[in-house]
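These are the structures in question, set out in turn.
Heads up, the next two complexes both have chain A, just with different partners, chain B and then chain C.
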Partner chain A sequence: MSLIHETDYGTPAPAAERKVTLTIDGASVTVPEGTSVMRAAMEAGVEIPKLCATDMLDAFGSCRVCLVEIEGRGGTPASCTTPVADGMAVRTTSERLERLRRGVMELYLSDHPAGRGEQAGTGQSEFDRLAGEMGLSGSRYGTDGRNHVAPGEGSLNVDYLARDASNPYFEYDPAQCIVCSRCVRACEEVQGTFALTIAGRGFESRMVASMNEDFIESECVSCGACVQACPTDALREKSVLEMGMPERSVVTTCAYCGVGCSFKAEMRGEDVVRMVPYKDGKANHGHSCVKGRFAFGYATHRDRIVKPMIRERVTDPWREVTWEEALAHTAAEFRRIQHRYGRGAVGGITSSRCTNEETYLVQKLVRQGFGNNNVDTCARVCHSPTGYGLGQAFGTSAGTQDFDSVDHADVIVIIGANPAAAHPVFASRMKRRLRQGAKLIVVDPRRTELVRAPHVEAAYHLPLKPGTNVAVITAMAHVIVTEGLFDEAFIRERCDWDEFQDYAAFAAEARNSPEEVEKFSGVPAQAIRGAARLYATGGNGAIYYGLGVTEHSQGSTAVMAIANLAMLTGNIGRPGVGVNPLRGQNNVQGSCDMGSFPHELPGYRHISGEATRAIYESLWGVKLDEEPGLRIPNMLDAAVEGSFKGLYVQGEDILQSDPDTRHVSAGLAAMECVVVHDLFLNETARFAHVFLPGSTFLEKDGTFTNAERRINRVRKVMEPRARYADWEATQELARALGLDWSYGHPGEIMDEIAATTPTFAGVTYDLLDREGSVQWPCNDKAPLGTPVMHVDGFVRGRGRFIRTDYIATDEKTGPRFPLLLTTGRILSQYNVGAQTRRTENVVWHDEDVLEIHPHDAEQRGIRQGDLVRLTSRAGETTLRAEITDKVAPGVVYTTFHHPDTQANVVTTDYSDWATNCPEYKVTAVQVAPTNGPSEWQRDYEAFSRRSRRIARPAEAARATEAAE
Partner chain B sequence: MSHEQAHAEARPHAKIVRMANQIGLFFQSKPHREGVAGVAEHINKFWEPRMRRQFFEVVEAGGDDLLPIVREAAAGVRRPA
Partner chain C sequence: MGMQPQGTETAARAAQIVEALRGVEGPLLPILHGLQEEFGHVPAEALPVVAEALNLSRAEVHGVVTFYHDFRREPGGRHVLKLCRAEACQSMGAEAIARQVQEALGIGFHETAADGSVTLEPVYCLGLCACAPSAMLDGEPIGRLDAATVAEIAAEVRR
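Up next is the complex of A and B:
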């Protein structure tokens, strides 16, 4: 297998429909109008030398090596900035062009440490290759220039800048910079952070980060777009400097967030040298964030457990055993428990981190092997209200658009989401559209990054009090209805008119007016009115929302309220509009699609449907239970009550991620067999009796489905460290339970999914290999998938308006708990942090902090960085205070990436009325200065150390103790 | 244990009551008959038999803590086998 080289066309493809025909070196070429001569030449197979041009960036025309001659025009124009014209005759080579290009390259070489041993870098950069192709090894002007020779080598060295190795993942060597501005433009155009610039003039000019700071101190978000763009070794991955250039690459899909970026995993032998975003990836188009590109070190981290382990009691040390013993023990335990406590006493949790195929197998194991429907997934705690809410309104839980749709949006509404931190690659797309002039409305208690970013400013920020989403969104509908801004033609054609009239009457009630809602939401009525008018009248309106909408006791109602807004304004069924849930995990969409919920089979078909059950009953040869199973919180309740005793958890850490940690611990502690199948001894494993080692996304084949319903291939680049990929481990467990499974490859599992699930009917690995990816529904009606949903009509027929009464949560502030806590994520860490905490990303965020408004802090005598105690009716924890006006008075905010903070000790067991999705986003709390960790944290720390002991031979044990 | 928790756990199946009432509150905004049917359908579709069994224990004990719409919907909830 070899290294994949993607063609760089030099400049982006224009969108024009009109074609232009010209000749390049005598050959006729036809390209869209607006194409550069450089791109047209490359499309015709003629590569014009270039340094400052790359097709990820707009043409810049600074390097002067891409010169061409054009018949009838004077001079030698740069081919990157010259658009094609009908009948144009271009010559890309001539003696004059060669002479000019060599002259330019010699000037570059005189100012570049090529051939200077260690300083030269890899010797394999674009710059090095070009110099090599021209046969240049030196320069008429010498190579002892002013700015690239370190002191002590005979130059004045006045302009020499030392290497900056402050970023954990890449180095910047200013000596090698040729000032082509590709990094600066990548930071602006692709990433949208504007952290880089060119400082100085003449020989002094070099790229600098922020105000000439070290990278780590600068505004840089470490997305790596600049490193990818750099044509020299000035910006280079440290892994490449250490390991050398990669030798082979495999296209696969990132395992972090729901954007689902495509990457080339670039390898040397079994080692990943670097992850490079894949330009043909339809979700990311060659861009990535710090997590996907750089934070893969967890895959080989020493904390990984690669041997199965069992123990009798959770207080015992772990004992390493063979796979055979672990699986036989687990099967025997589950059968014993079912025999003693009943068929419904066991269940499983599928993982939104694992592949579709793995998730399908876990739910199949539960339904076919355990004979019940006690299967759930971590979508329970994030987007289950989306499933319910959009299902009610539109007939399917699917997000309505692809990511490319944002390029056509005129008004972007972000509700309860912080894409800059949680979906960074999509945020970059969004920012680009906003810089082009689209308007932005942000509905969020916090002033998130996008409210004001370089060249981006929200037209409206509605800083609502946590828990008042439904009221504020319904107030927007009130404005649209009462001011007659709704799209009557759309509603008459696409929705149920009677239901609309009922809804309109409801929305128009005075209690739903912005003026009334202002009283308890804290959002000025005029801002709600302005935002509603802008969304209704500003052109294509696209709503993007996240867990700030769903994780409430009225989460499902808020999703319906959003669907109402989109239907009212006709913003459904074409590019640029829609209702777009931003999914958290890489495969949360897929795990839901695959029948992970206890009430439905793959493809969102309710378990009570006889026809659907019959499909699986005949294939699996068992009778399926027609009753819905337990959801995760219900499993824990049943465990505490004594009727639920065994749980198989694949790739999820419910103890850290689920709310009300005390309740989760109590539930887990009451079980007799907890099987954790994971990469690490996670928090849940404290209560586990069996540990099955998991495999990373690099160690298996399969598919992930991202937030735009895009099914992307995951490809194995290395052997599983623990012998089995996760799908194989589940298959072995099924066999140990007596099931007759014999999948030889995940492609066969996908064939079974396609054969039984109408929305996946057309999906095969062949199709995915051919097309790169497809968006479901993919079947006879849409053989290449469906980028935009509800184009000619809603899935359920007519769109359904639903009354969305605002009902305040029971979680109320009062004298004891006067502040509202809400939670979220930051860019460099991922969810419970199991992966990112085991990478260098900790340099950006090594602990969770509590954001508190200066007013609230002053009242409590809290200073910046003080240790504070955060208390709710559920529990208490301690963390450091960050004083900021990003949060409003009365609101505090923290992240939940670190287990020693345990934000979920504080969150309550209140949940969404329809789906039991926990109300993470609203907890009444009190904050006070403190001197040390809470009692819970101290006990937990001690318990943590005890529960992680692994019995080893004496020598190894001593070494471990010494290391600690 | 906080005061609220102690209070909540003193009543049998307090969580089931709370969850049922939450569903009831949503469906109260619908026309009455549709709302009652909606509560029953929701519980039938999403509640595992153990939860429905507890629900009936609450109903049969008088269901004083249940909203009227939920009590009324009980007739439409499927009894677990």
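Up next is the complex of A and C:
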């Protein structure tokens, strides 16, 4: 295996249809109109020297080394800024060009540290390579005179700027900068943050972050685009400076959010040197965020548990054992429990962090091995209403578009999502489209970053009171229906006209008018009307939504209300439109696809379907239970009641991520065998009897399915530190339970998925290796997958309008709990933080804070940074206050990344009526100043210290004796 | 300490200038000129206010301010003398005038007199080539500089 070198064409590919033919060094080449001479040359296999050009960025024409000669034209134009023309004859080499290029390079070299090392970087940058190719080691001009290079011992250099190592992941060494602006342009064009600039002019020009600030203090969001763009070592990953340049690379898929970025894992031996976004990745097109790019250090963090462990009681210290012992013990316990309490007394939870293949195996283990349907997944607590709502309306439980579709959107609607923090790479795509002129509508209680950020400003922000989504969205439908803005032709052709009429009559009722809804949602009626008109008449309208829609008692209703809006306006079935859930986790789409729900077999086929069951029954050689099994909350209820005793949890921390922490802990405490299969001793592991060490995405093969239904390959770059990849561990557990499983590679598991699931019928690892990725459905009808769904008709036949009556949640504010708490995420941290808290990302966010409006803070005597007590009907916790008008009066907001805050101690056990998805986004609370941690936090801290002990060998020996 | 920190006051005054000018076409440069007029320089504390109002990044505003030498980053003297050093003026003896001016004021280019009376700045063409060598004192153009006008200028700024 070697290092993958991606071809850099120098300038982006134009979209033009018309072709132009020209000759480059005598060879004929045909390219789309608008292509640069530089790119055309590269396509013809001729690499023109360049420094300021890269195909991620528009041509800039500043470095002057890409000069060419064009027959019939004077001078030596820059090939990056010169577009091709028919019949053009280009020469890329000549004595004159060589002389000019060398002259320019010598000028650069006269102001650049020579060689490699502490002051001169890796010696392997693009700049170094180009100088090497020209055979230049020094410069005619010498290095005397004014320059920006580090001064020698005892001398001074007023033009020298010291390096900035404030960012934990990369350094900026201004001495090596050639002021090509690639970093500045990457920050603007690719990332859309505009954190960098060139300060000064002429010889004084320097790249600086914000107003000449340290990177860490600046507007920089550490996405890494500038580091990737830099042709010198001026911006360089610290890991490269420490470990040296990588030697080999493997293309794989990021394991953070649902965007599913493709990365090259660049390695030295068994160590990851850096993760570099892969330009051919169809989800990210070569861009990344701070998490995927840099926050992979958790994979080798000292907290990782790499040996299986067991214990009799959760109060005992853990005892390290062999895999064989741990698996035999688990199998024996599960069989014992089933014998004593019944077949339904055990279950499993699949993980949205693991691969499709691993998820498939866990549900198979439950259905085939445990003989019941007690399998559920963490999607229960996030996007289960999406599955239900979109399934009802359209017939598929997934987003309708690919990410590229946003490039064709004219009106972007973001509801209950904060992509700049939770889906940053896609947010950058959105921002680019918004800078091109698309309009933005944001429906969110909070003023999220996209409401207003440099060069992006929402046309409408509807700051609704948490819990009123359904009313506000239905009010938009009211406007569209009553003002006649709906697309009648589309509705007649694609939907059921009678259902539409019924729905239209409902939406037109006065109680659904913006004026009525304003009274309890707090959103001005004019804003709702304006937003509805813009969405209905502004061209291609694309809706993107997140957990702010689903995690409500009316989550499923809100999803259906969104689907109604799209159908009303004909915004379905072509690029630039659609209804798109932004999936939180890397494989939440896949884990749902793989039959993780207690009522569904893979491909969203109900367990009661005899034909579907028969497929698996004949393959697996067992009789499947035709009744749906228990959902996570039901498992916990049953545990408290005493009828559910054993649980296999793969890669999910239900104690921290599920609502009403006290209820979860009570349920877990009542079980007799809790098996946690994870990287770390997570919060759930405090109640576990068996710990199976998990593997990171770097340690296994498989696939993840992202939010656009894209099946991306995950490739093993290092051996599993705990011996088994997760799929192997599950397979070993199945074998210990007596099942006859013999998968030699995850590709064989995918073959079984494809053979049994119509939407995956065409998927093979060969196809994925060939195409890079495919979007399901992938079968005979769509052999290369389906970027946009419902093109000629809805999957279910006719689109279905469903009445969306607004029913306020039972969680209500009152004198004791006058504020509404809603929750969300922050850019640098991910989910419950198990990974990102174990990386340098904590420099950006080392604790959860409570955002509160200045008015509410003042009433309570709360000052910035004060420790406050957050109390709800369910529980209380303490955290620090952040006073901001990002939240409206009456609303407070926090994140849930840190376990010592335990925001879910506060959340209630209300949930979505259809899917049990918990109502995280609305909790009535009170906030008051306090001096110290809550009682729960103190008790919990003491308990967690006790429950995390791992016995030293001597202690373990004693424990074994005692057990015997 | 009951007093507001200086930065807050600057920001508040800057906000008024921004508010007055944000509606004009291409508002950034007019706002920066407005700030320099108000404060005698473009204070760093004002830049985040400008960035926020125009929905730009701080970096972008910083890049523009530092590009133009005409925008001072530090408070200048009570008077500002800009002396042209471009080609036409040079051909009419501007270098000698420059030496005389520096001597008369006791400061070099880009410097402010210790008593805060005057700042001397080079400028590259005032468009007054026909009256070279030329200068500009507090916005007033002065042509055909000679020893006498230099002395007059020195007396004027010391008053």
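Methods note: the second predicted complex is superposed on the first by the 942 of 964 C-alpha atoms of A that agree within 3 Å, B and C clash if a C-alpha of one lies under 4 Å from a C-alpha of the other, contacts with A are read in each partner's own complex, and residues count from 1 in each chain.
Quick note on the criterion: a contact is a pair of C-beta atoms (placed from the backbone, for glycine too) under 8 Å apart; a residue touches a chain by one contact, two chains touch by 3 or more.
Computed from a prediction, not measured in an experiment: that's the story for all the values here.
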item	value
Chain B versus chain C as contact partner of A:Ser553, first or second or both or neither	first
Which of chain B and chain C A:His455 touches, first, second, both or neither	second
Touching partner for A:Asp55 - first (chain B), second (chain C), both, neither	neither
Partner chain in contact with A:Glu652 - chain B first, chain C second, else both or neither	neither
Chain B versus chain C as contact partner of A:Glu811, first or second or both or neither	neither
Which superposed partner A:Gly200 touches (first chain B, second chain C, both, neither)	second
Which superposed partner A:Asp487 touches (first chain B, second chain C, both, neither)	neither
Chain A residues touched - chain C or chain B, whichever exceeds	B
Of all residues in chain A, those that touch chain C in their complex	193-201, 208-212, 218-219, 452-457
Contacting residues of chain C [partner chain A, same complex]	44, 47-48, 51, 55-63, 66-67, 69
Chain B to chain A touching residues, read off their complex	2, 4-5, 15, 19, 22-23, 25-26, 28-30, 42, 44-51, 80
Chain B-touching residues of chain A, taken from the complex the two chains share	344, 373-374, 506, 553, 556-557, 598-599, 606, 608, 627-631, 634, 637-638, 643, 803-805, 807, 873-874, 909, 911, 913-916
